[in-house]
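I've put the structures underneath this note.
Okay, so subunit A shows up in both of these, paired with subunit B first and subunit C after.
== the complex of A and B ==
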């Protein structure tokens, strides 16, 4: 008989209370392997902490999203939202799945070009486009989504100087029946700014208006908001046809689909409450198909979904550094990955799981390794007792965490991709002192 | 000025010549020349015929009848026959030509009347106007005392001597001695009799003319004659009656008309000639007996009766099985009709007026095809069931215990084709999974009338999801409702069928889908085809650039440069500039016309597919290569998808090989031209970017490769075509742009 494991004694408040409608607490979830590869062997090979991205999950989720839309609407095109995760290896998978690129800066634009994306298949969003950026966009025949009048004027000026046509769309902000209304980007629909901008563009010599874009917000949990946004854009689309006898080519509903992560303060887990791709697709395509747009002139539907596509494909593997008992008796632990790597921990109650069955759980706080008070990964999580060196997995970290991770206090870790064949590849190397020496300059003093 | 005169002169000449060859359903100028020649064997009748044609055509012109029919001789040939016939009854005289002028006028108006009346039923007027007129004259013949009944045909040698002296008499005697078989003699007599000629020579000349015009027509003339000859022997009708009146031309004309002209020539049409001709014989014999009472001949009455009867009967068919097909586009030549048709029966819109698309968005899988294993049996065998599957072949997520788990459930169902909604059932609840509602077999259903006798039915829709109502006129792609699980449906799926009646329980119709993309390793573009069980299919998305540049608008002009280069020596063999114009004809066919050499390339564009239907004119011209390179191009396409077809063989073969093929064409085609086109680059979903495609044309003789043409076409965003064709060691380069 194997020797029983020793568990430190602990006093746990009996907290039977009212049983929730979901019954008794479920079994502790364990993530011991990713796509068939043991977490322990991944960490052994690539170190800790470690970002792991599953190509299989990326492709499966993308296929699910595609099917949801393409079986409901005749012309659908996804554009990979670069800012969500712009590692070249990740972008390449999306481009391989047929996605265009959605970029919000000159840097992302250059990155998309270097990933082999045809310039005409880049949607250029964002409030910050310099003249140089606009020149690059025009030269590459990209779809420029104009954010404000000053950009419009600059674009008119730039295209005139270049003597080249620019393909443009405008970003529209609108009241989709949700709070908050994002009105800082684009031209407002309700007060007529959008219509004003459209008229100016239609009359501008070197601008070719080809689409309408909106992005109603992020982590939108009501699909009805998309239906409202789609029908408002459909109205504009028809108004343009009526006035100019001209059909635009596309309507872009941006991103903002919720992933299955659970927002802080949410009562129920996100996986239960967030709409599925089918729900979003149903709302959007119904709104467009039953709008007054004649079906033979239905525009191409663009989607810039980022978060909902990749969140599930990203894992962060981490190791317990220390256990601590806080003053109030609550248990806490320190792990080697903190908010420097987990930007989304500010929004979500991230799922942190052990890699093997452990003993009884109690409410704990999980701190990151930074010497900063804000470095809290989870305030309160019911977690089993662990020893130092225990390996943990944080799931659903594919979106934003890698692009927004900070180089702060410590080096950023390896990012590893598990490909379709189950092979692992480093897709971004761990930082080292060299990384910094390469870009830092130290003026010589006499 | 002189150019206009030339054109008018040419038009007049054509309308006269075509009036002659039209007697054999032809517009061949060679045949016409032969026929004019033999009509003048009797100069009196020859002049009479010419006068009659002139009068009919002048009337048609000045009274403002259709210029196309005029030019193709359709208004003239009945009057021609009347002129020849009347000219033979009486001795040449001023009075006779007066009479011919009057009868030609009568005949012309009868032509117009019969064209109008029979045209309503889509039938030709054949030689009915002639029949009526010639009977009028024959019956009144005895009373016209100022005209002398002709004595020709009695003193044969005298007439021959008058025509060509000793030589003619010598030729006559030689021929008489040469052709001794009565079978062959009567054949030539019968042929000659069509032009009221009595000698062997006329028949021989006509048969040579026929052989030059069309090998199939020639073979048919013999076949028709031989079958009736055998029937005469079989039932023991006195054979001399055939030789005496030469009424045998009825059999020849019937065989030519039905065997290869109004129907596509083939084994089936030949077989029908064999079946039908005995009845022509019987009608001939009986009408002869009857008309004897009036001392007139039935002339071509039996031919007219049988051809009209058969064509009308065929028209009332509900389906058009492949074997026996009315000529969809009359090219005026049996070979051309056959080769065009043999290329791909499916291309012709005349056969399938309803070009349906798939009634949904995205990729669906056929879970039960025609003659399916579960429920598509008996009268309901021609139906499809569609579901959505993921890449592992599963059709639901989760446990599949609920309708909502199924990928297809709740997905939009759209109209397959334009039409009127004739029936809507919207109130049957969806089943729980596994249960079936056999009481309301079809569940929630929409039935749409697309065309006379062609309805489509979409069934098992979702409870209360139907958004159209009875009487709605809808267009292809219109949202009908949602895919559901009502009626006899154990799990959610769409049932789709064509049917001949508007009723819910109607049997099905064996009718194909107009076009769809078939998923395989690559996508193939299928036209007028039937998706099979297990196939994954999707609607193509139209490429705006292709749709725009291949939409040729009448009046549009295209110009460009053309260059042939030898790859071996690098020498430029030919370099020219060309100009084309887009035109339409009376049949609403669009064609490209070369201003340099007058060649025409007919094309068709149904909004989903562009293809050339025919090419006339000189081979090897820029337009010819354009025709071949872009023979068939779908407008909705995915990169790396392929489409296949066959180019009519007469477009690419010639010489003895072709004559041989013509002779046996209705039985077997040993020549073949394969065409396949692959889209390499099709721009993106916004249709920006060039389209690049390659086509491969392979000539085959009895299956063996006999020549290959590779072409690459790039269509630039500004609509310029860049075409490069390679074959043997030649390279052709062409650039076409809109003016």
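== the complex of A and C ==
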């Protein structure tokens, strides 16, 4: 007699009167391949866990962002935010798409140079710029975005010593009508600090003020905040012209556009609620074009968006290690990728999906492999029953997870790029014991 | 382990526990297991029936069986036959 297909025995409590706020359960999403390559073959070749980056998605999303802004504003320049993902292979794609580099440390500056970026096309942000960093920036003719007065005076001193002109902008913090106000970076608009800094720079012999920069926050879901920020920078731009008869070259609205990930505690999924590039572009372009700035003197609009450009292009493939029942009967499972690889799991409900259709689903908690209680990748996710060894895909992990991943307890995994031709390439190798032996010293043994 | 007296199981997988007021749905294999437990079959008997009937290995069945038993115990669908019986 032919045997029947087996389904794991399951029992579900009926909660009458408490329907799901999203209505009836929808069909479980399955991700079985990425850019036409089977997840199972990627894992077979490169191991598990495994970061996968899709070049196709990077280029498509970048093109969408470009179209949104360039059809609404005459002069737009993107600068790739290195801290979001500074793997050389990733940065090269953005530079190939025409992006400049936006860096926030000497290390990132060196990385941009080594990626072939011309120094004059590097925007140097951040509160930590040493004298050596400033020398490197001046020598390479970079755009230095000054964060505070100590940096301003160090830059005046350094440029005097070098007897070279430094091209600078100031970072401005401002009230854009959202909370929290990021006032820890840059000079404040409302209390006059920014205006004082501008005046000091205009008096400095070796500093050439070429732009104004702001970055109002991260994962900003109100495009109207960008309109307020753009208007305030436009006011400063015009004030500089009136006082000094001088036109700046650019206004940099920074980044902070939301990706389609869903924030913890959000009522609706991010893919439904986050503004599109068109929404952001409409708000920013309208504010600049309808400002006092004459059309022939409109500044170049710089954008340093990172998260919204690359989040969708990154996947983390992972394998189920174990299934467990918690004390109160809740289902949980352990996977081989933990929060040390998924920094964004602390504020996003990351999408975790099976690679094939599976049966009965119930509310589950997904733990990582670390021997740490905080290693929770997802809680309260309705997930089908899986066996050990089942392969899963975590989507939208392209931003920050690789740069902020932490070597902890286990080796960090391979990162693979799927190129436009559908070929796969390791773009960062899995760590091994040698990785650590190469940089550690043990005085007792040497 | 026995099914609590207050529990009623319908043939289409609806389980009602009048002691707690809770109701449940069980899938077809869950229903089969619950009924066999109610009929007094022990683990080995149920295992043999399942292994003959389904594409299944003994270790998977064992894991799933005990997980299911823990769940129905948690929902007070089963109770120990004699709390003092340690044999």
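Throughout what follows, the second predicted complex is superposed on the first by the 430 of 446 C-alpha atoms of A that agree within 3 Å, B and C clash if a C-alpha of one lies under 4 Å from a C-alpha of the other, contacts with A are read in each partner's own complex, and residues count from 1 in each chain.
Keep this in mind: a residue touches a chain if its C-beta (ideal position, glycine included) is under 8 Å from a C-beta of that chain, and two chains touch if they have at least 3 such contacts.
These figures come from a predicted structure and were not determined experimentally.
By the touch criterion defined above, A:360 lies against subunit C but remains apart from subunit B after alignment on the C-alpha atoms of chain A.
By the touch criterion stated above, A:242 is placed in contact with neither subunit B nor subunit C. Using the contact criterion defined above for the overlaid structures, shared-chain residue A:285 touches subunit B, although it does not reach subunit C.
Legend: residue contacts after superposition of the two complexes on their common chain; A:184 is shown touching neither subunit B nor subunit C. Comparing subunit B with subunit C, more residues of subunit A are touched by B.
In the superposition on chain A, no contact is made by A:445 with either subunit B or subunit C.
In the superposition on chain A, A:4 contacts subunit C only, with no contact to subunit B. Of the two partner chains, subunit C is the only one that A:328 touches; subunit B does not reach it. Taken together, the two structures place no residue of subunit A in contact with subunit B in one case and with subunit C in the other. Per the touch definition, subunit A reaches subunit B in the complex via residues 63-64, 67, 70-75, 77, 100, 118, 120-121, 141, 167, 210, 249-250, 282, 285, 289-290, 295-296, 300. Touching subunit C in their complex are the following residues of subunit A: 3-14, 16, 323, 325, 328-329, 359-360, 387. For subunit B in complex with subunit A, the residues that touch the partner chain are 360-364, 388, 390-391, 407-408, 410-412, 414, 467, 475, 477-479, 539, 541, 684-689.
Within the complex formed with subunit A, the residues of subunit C that make contact are 15, 22-30, 32-33, 50, 52-56, 60, 64-65, 67-68, 70-72, 74-75, 77.
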